[in-house]
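By letter and in written order, the chains are A, B, C and D; residue numbering begins at 1 in each of them.
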Amino acid sequence: MRVTAREEYCAGCRLCEVYCAVSHSPYPADPVKAFRKSPHPPISRVLVEEQRPVSFALQCRHCTEAICVKACITGAMYRDPVTGAVRNQEERCVGCWTCILVCPFGAIRRDEQGKKVAAKCDLCAGAVEPACVKHCPNGALVVEGKGGGLKCM
Amino acid sequence: MVGNDGWARPWELQGNHRREGSKRIPSGCAIAGMINRKGRTMSGVDAIQSIALMHDRSNGLGGGFAAYGIYPEFPEHYAFHLFFDDHKAREQTESFLNQHFNIELGGPIPTRKVVGISGAPLIWRYFAKPKLEQLRVAEMKEDDFVVNMVMFINERLDGAYVFSSGKNMGAFKGVGYPEDIGEFYRLDEYRGYIWTAHGRFPTNTPGWWGGAHPFTLLDLSVVHNGEISSYGANRRFLEMFGYRCTLQTDTEVMTYIFDLLLRRQGLPLETAVKAVAAPFWSTIARMPQAQREVLTAIRTVYSSLLVNGPFSIVLGSSQGIMALNDRVKLRPLVAATKGDLLYVASEESAIREICPKPERVWSPRGGEPVIGMLEDAMPKAVPAPPVTVCHL
Amino acid sequence: MYVIIGNSAAAVGAVEAIRRVDDRGPITLIAAEPYHTYSRPLISYYLAGKVTEEQMAYRPRDFYIQNGVKTLLGRKAEAVDTRARRVVLADGEGVAYQKLLIATGGRPFVPPVQGLDKAGVFTFTTMDDVKAMAKEATPGARAVVIGAGLIGLKAAEALIRKGLQVTVVELANRVLSAILDQEGAAIVQAHLEKQGICFLLNNTVTQVTGEERIKGVLLQDGQELACDLLVVAIGVVPNTAVATGTGIRVNRGILVDDTLCTSEADIYAAGDVSEGYDMVHGTWRVLPLLPNAYRQGEVAGLNMAGQVAKFAGGFAMNAIGLFGLPILTAGLAWPEGEGYRVLVRADEERQNYRKVVLKDDRVVGFILINQVDRAGILTSLIAAKTDVCGFEEGLLEPGFGYVHIPVELRHQRLLQGVGTGW
Amino acid sequence: MSLSMATPAFLIERNLDRCIHCQVCVRQCANEAHGYDHEEQRVYSDDMRCVNCHRCVVLCPTRALSVRQFPLEFRANANWTAEVIHNIYLQAATGGILLTGMGNDRPYPIYWDHMLINASQVTNPSIDPLREPMELKTFLGRKPEKIVIENGRLKEALPPQLELELPVMFSAMSFGSISLNAMKSLALAAEAEGTYYNTGEGGLHKDLYPLGHRTIVQVASGRFGVHPDYLAAGAAIEIKIGQGAKPGIGGHLPGEKVGREVSETRMIPEGTDALSPAPHHDIYSIEDLRQLIYSLKEATNYSKPVSVKIAAVHNVAAIASGIARAGADIIAIDGYRGGTGATPLRTRDHVGIPIEFALAAVDSRLRDEGIRNQVSLVVAGSIRHSADIVKAVALGADAVYIGSAALIALGCHMCQKCYTGKCNWGIATQDPNLTKRLNPEIGAKRAANLLKAWKHEIKEMLGGMGINALESLRGNRLMLRGIGLTDRELNILGIKAAGE
């Protein structure tokens, strides 16, 4: 399962980034607090790429044979056996960026606001619908591929 | 309004509404009808008895009957039944009639005094045929000519109202309970092979006899229970064909619809029924193609003649009767047969009152007509009279 | 009956791969070190106090139990008896195998310098190394690190963080000479010098002074440096000892085919001990990188369990951060010879350095310093040998991403996957 | 350079307690009314640029934004209003005619709101549309005076008809004036709900040919995009004589909106202005119209109804009668509130008559002449909701066109700036940065939902009247009563006053 962008309908508003950041902040239901309570704005795991008029959001593809999991030097990166999502156990991550070096989608971001950790899409584990999909105002993000991920190798 | 040619053009008139037509009156009712398919005549007693049983369905503000085969001595004459407010109106009308018709016989319709019937207008009848030279001037078919005359009188001649205009048939109606009206008109003395009857429950008090049922045009008569929600749509469509709905009663519209479809457009009765009580589109969609095309065409072309709202009617003609419910069946209608006889009525008890042991009793479904025709008549269009237009 | 010698990335990769295919076959894992599998690169983090020993576990504590692996930890494998199909342990016990994986990794290369046996001299590879060093690395102490490579600099960083004075001696003319070019190395060196590390380049230690304990070092140029601690971090070499005398062919590392099988049937080798295929160089060579080790172990494991899997090759790639400055490199970063095109964008003041090397319109290597985001896209372009004609100007953009890649290729990759083959 | 008299029309209010400086507003405003100050790391606004389209307000994740009328006032003057004064400033500065978009917004009476609908009580039952069938199917096209049946079959097939599942179609809006995504939204919604949309004079984009059976293809004075395949693709052909937003004048699509796709679809060179003449230069009288109608019928083998669309003007009834007699199968009448992408302000606001009167007059006239059945009547020009539709049908319309309402369903916020090409909702624009903001799947769903909702509401009102088929409402003016109308107005509308 993964979130796929339909770039022809991406309005480039980046609400996906805003809501991703909010939902991964200590105040997942309150954007104002999420942004204003912490010294740094929360980081989004979604990345919108834009070169007008093209724009699209990009998140972890949750690859079937995830190279980031294989390459992780600490074992922090793992595939959730239940959801199939590739997730990073942030308390084990040391921010070495090997995953950034190997992810062919460039879908992992550096979170250097506290302890350095790799930040990536976790499909909003536990939520019915990932925040980016839920809040995309134009249906440009869809959840696709129940079960399998993409090939990154 | 009379044109330069002296010919009446009722459709050019702005209605001088008085009488009942000034207000549209919703009403509830009782109806009944019967036919002997062999054409054997029955006395009016049965019709009176049947409608009388449904006394509570009317409120004493209207009752009436139509009877077919009652004037065997004048089978080719139009039997005009008229109400006059006074003798001045009568004289004016008679002069008009004499101008256009050869009147064979004329005089008051015999009545008897009945408790509960009061305020009767002058009630006269005339057996007449159109004058040939008038037909020539009008360049019209005879039936259209007669219709025109009736419309003109009803619209323009103050104090006069034609309430029956067919051949060998007649309507008898007035303000009162139907059994009293029957008594008043001495219907026990008439014999007809078709009788229809009506008891009215209007929601106001028009106090005018012309508003009672049946409504007739030529030999078509309609008794009707219900209110036509589509009245405005039906009426405005009919007006394009020259009909003037001066009375603003739903039943009048019903009469004109059948006149238009059967007499003027020559449609089969079944087709006319499908226009008036159309099957639902969902039903049409399931029909075989040819039938679907026909019904689609009916509903497309005659969409403005769909009669919407609750109704049950009995349509009478010299050829037979047809009883019909609205397509959802929002008003009661029961039918029964015994031998050559077909009965229809608002309530089964009204049939059993005069036919205690019918062979078959059923409740027709919405939009499905019950048709009883004379055996020597085809169950289709009432044949139009021969064209008698003479070109000079 | 699977037997694995070693307990790091390649070994774990093999276990996970075998269990994907065969959830029953008994697996025995033999390791000289007595510890549960741990992440070797984390020893510098341990030294700096950023992780605890507990947090160094490469897999959860119950990993081997969950996977039904019998572990023989702290038991050194001495030799392999290929005829008897058994591994002989140091204590003489034999462990029978049907399929054997040698994943013994590398061992530190220690140069022939006089006095390296004195107390206060350390290598920097294993848990024991770092534990020993941690005891002596006290604030204010003077440390000398031989080697300005990945291990040496991570050690130096950790020691600085612990409050030591650190001098790095490097034979080459620049730091990180294995992965950085001159220009990139200058940025890194300046950054490290700001943090207090002293560099002595084009130089090396020729002698260790002191009695029992180290007192200082003599350098090639004749200088003498007093110190309390010496870290030898020149590099690692494949730890092929167990293959000695078996008939398994060994060059620098153990030779394997693309199924990771050695010259002996049913014996596989993976990780830093072996020589894998380098798809950029087009040669077989030792690629001492954790991601490679895992993937090789995985391929070996699959083959051991009866699947046919092939290792398409790897190439050098390194991610390293020094005092917050990230450095990501891959492939050939300072090519020699004809046919290469080098794209560079540098901003030394901001410590930004971006260099992409092309050959035949394909990316063959890159160096990213500081602005390293989305480096993996470049890595994948190397691996997939993608023709970058038409979007090469985007490669140098700090925000280089899929939006710079032509729409068909972009959609193919984002919707169907990358398919690099490695 | 002289002093500009321009002052902001709107005031952007940013609640700084709620703003998180996420810049969504900055990225979404094509008018650049929001910006980001990198030095201060904060978002700021420029009121002068704001057109009050609400894009930023709607998308702001913290509801930090609001837009109000700019509070600047002139000395109170009931005659020289601020708008009048501002327009004079503008014309004094530019020397140009004033342009605007959408429909007449002046406070003329809205006659729909002066008519009330009947319902059944006691004497006949109202019908519950959730329990009973309720039919809205409508056929548009010429009806013969009667049908003839032989051997249970139709003797002659009916003339071609458009079959609508509800009496609502999407008005003519061209590709060029609106985006392809907006066209697709309407086309898909028409397909989903069983009705039709209209190409306007912009031709039929190749992507829309598969939905040709849901398309009314328009032939307008510029003849843009008209060719045999185009005529063949449509379900019906509409000759556009005029439109309510600009009766008597032509159209002008500026060259910057004529990109590759618009150019291909309209068959004009890229980047050139698309000028529609005020009249059809082959129609200078009613007999010329007849020729065009029959040319189009010939060209399509008499297989499609031909509609003629006119603006509601003073003697609309006589014109409509002439059109019916010229052979049109459908007459579309567009009232003075009808919308557009661009029109001179004074024309929009001062020319034409209300559709309510036009409809009543035309329906009565055609009935008086006995030819009402020969044509279907479609009315347009600010049909706002289902009650307007019920009233229109009761006055005599066969169906209505909706334009503005459909666009509002797609997200239009009625800022009236269509003519700038910077529609922030991706509707009235060809800018690829903006058109992609309208996902046609969502647009289609929303437009279809609107039709669905109205369908339910019409059924409820019909049921309340005791009617279960729409045709029984058509021209049934007894179902209407006027409120607050003069005798003369009641007379024109052909309805009684409430209480009568």
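Definition applied: a contact is a pair of C-beta atoms (placed from the backbone, for glycine too) under 8 Å apart; a residue touches a chain by one contact, two chains touch by 3 or more.
None of the values given here were measured: they were computed from a predicted structure.
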item	value
Chain whose average C-alpha position is farthest from subunit B's own	C
Centre-most chain [mean C-alpha coordinates]	D
Distance from subunit B to subunit A - Cα centre to Cα centre, in angstrom	80
Rounded Å distance between subunit C and subunit D, as computed from the means of their C-alpha atoms	69
Centre-to-centre distance between subunit D and subunit B (centres being mean Cα positions), rounded to whole Å	47
Rounded Å distance, subunit B centre to subunit C centre (Cα mean)	105
Junction residues of subunit C, two or more chains touched	none
Subunit A residues counted as touching two or more neighbouring chains	none
Category of the chain touch graph - line, ring, star, complete, other	line
Each pair of chains that touches, named by its two labels	A-C, A-D, B-D
Contacting residues of subunit B [partner subunit D, same complex]	24, 26-28, 203, 226-227, 229-234, 236-237, 239-241, 265, 267-268, 271, 278, 280-282, 290-291, 293-294, 296-304, 306-310, 327-328, 330
Contact footprint of subunit D on subunit A as seen in their complex	6, 8-15, 17-19, 22, 31-32, 34-36, 41, 52-53, 135, 137-140
Footprint of subunit C on subunit A - complex, ascending	4-5, 47, 49-51, 54-56, 58, 61, 63, 67, 70-71, 73-75, 91-92, 94-106, 108-110, 112, 116, 150-153
Contacting residues of subunit D [partner subunit B, same complex]	120, 123-125, 127, 132-133, 135, 137, 139, 143-147, 149, 152-154, 157-158, 161, 367, 370, 372-373, 394, 396, 465-469, 471-479
Complex interface listing, subunit D residues touching subunit A	17-18, 20-24, 27-28, 58-59, 61-62, 426, 431-433, 436-439, 441-442
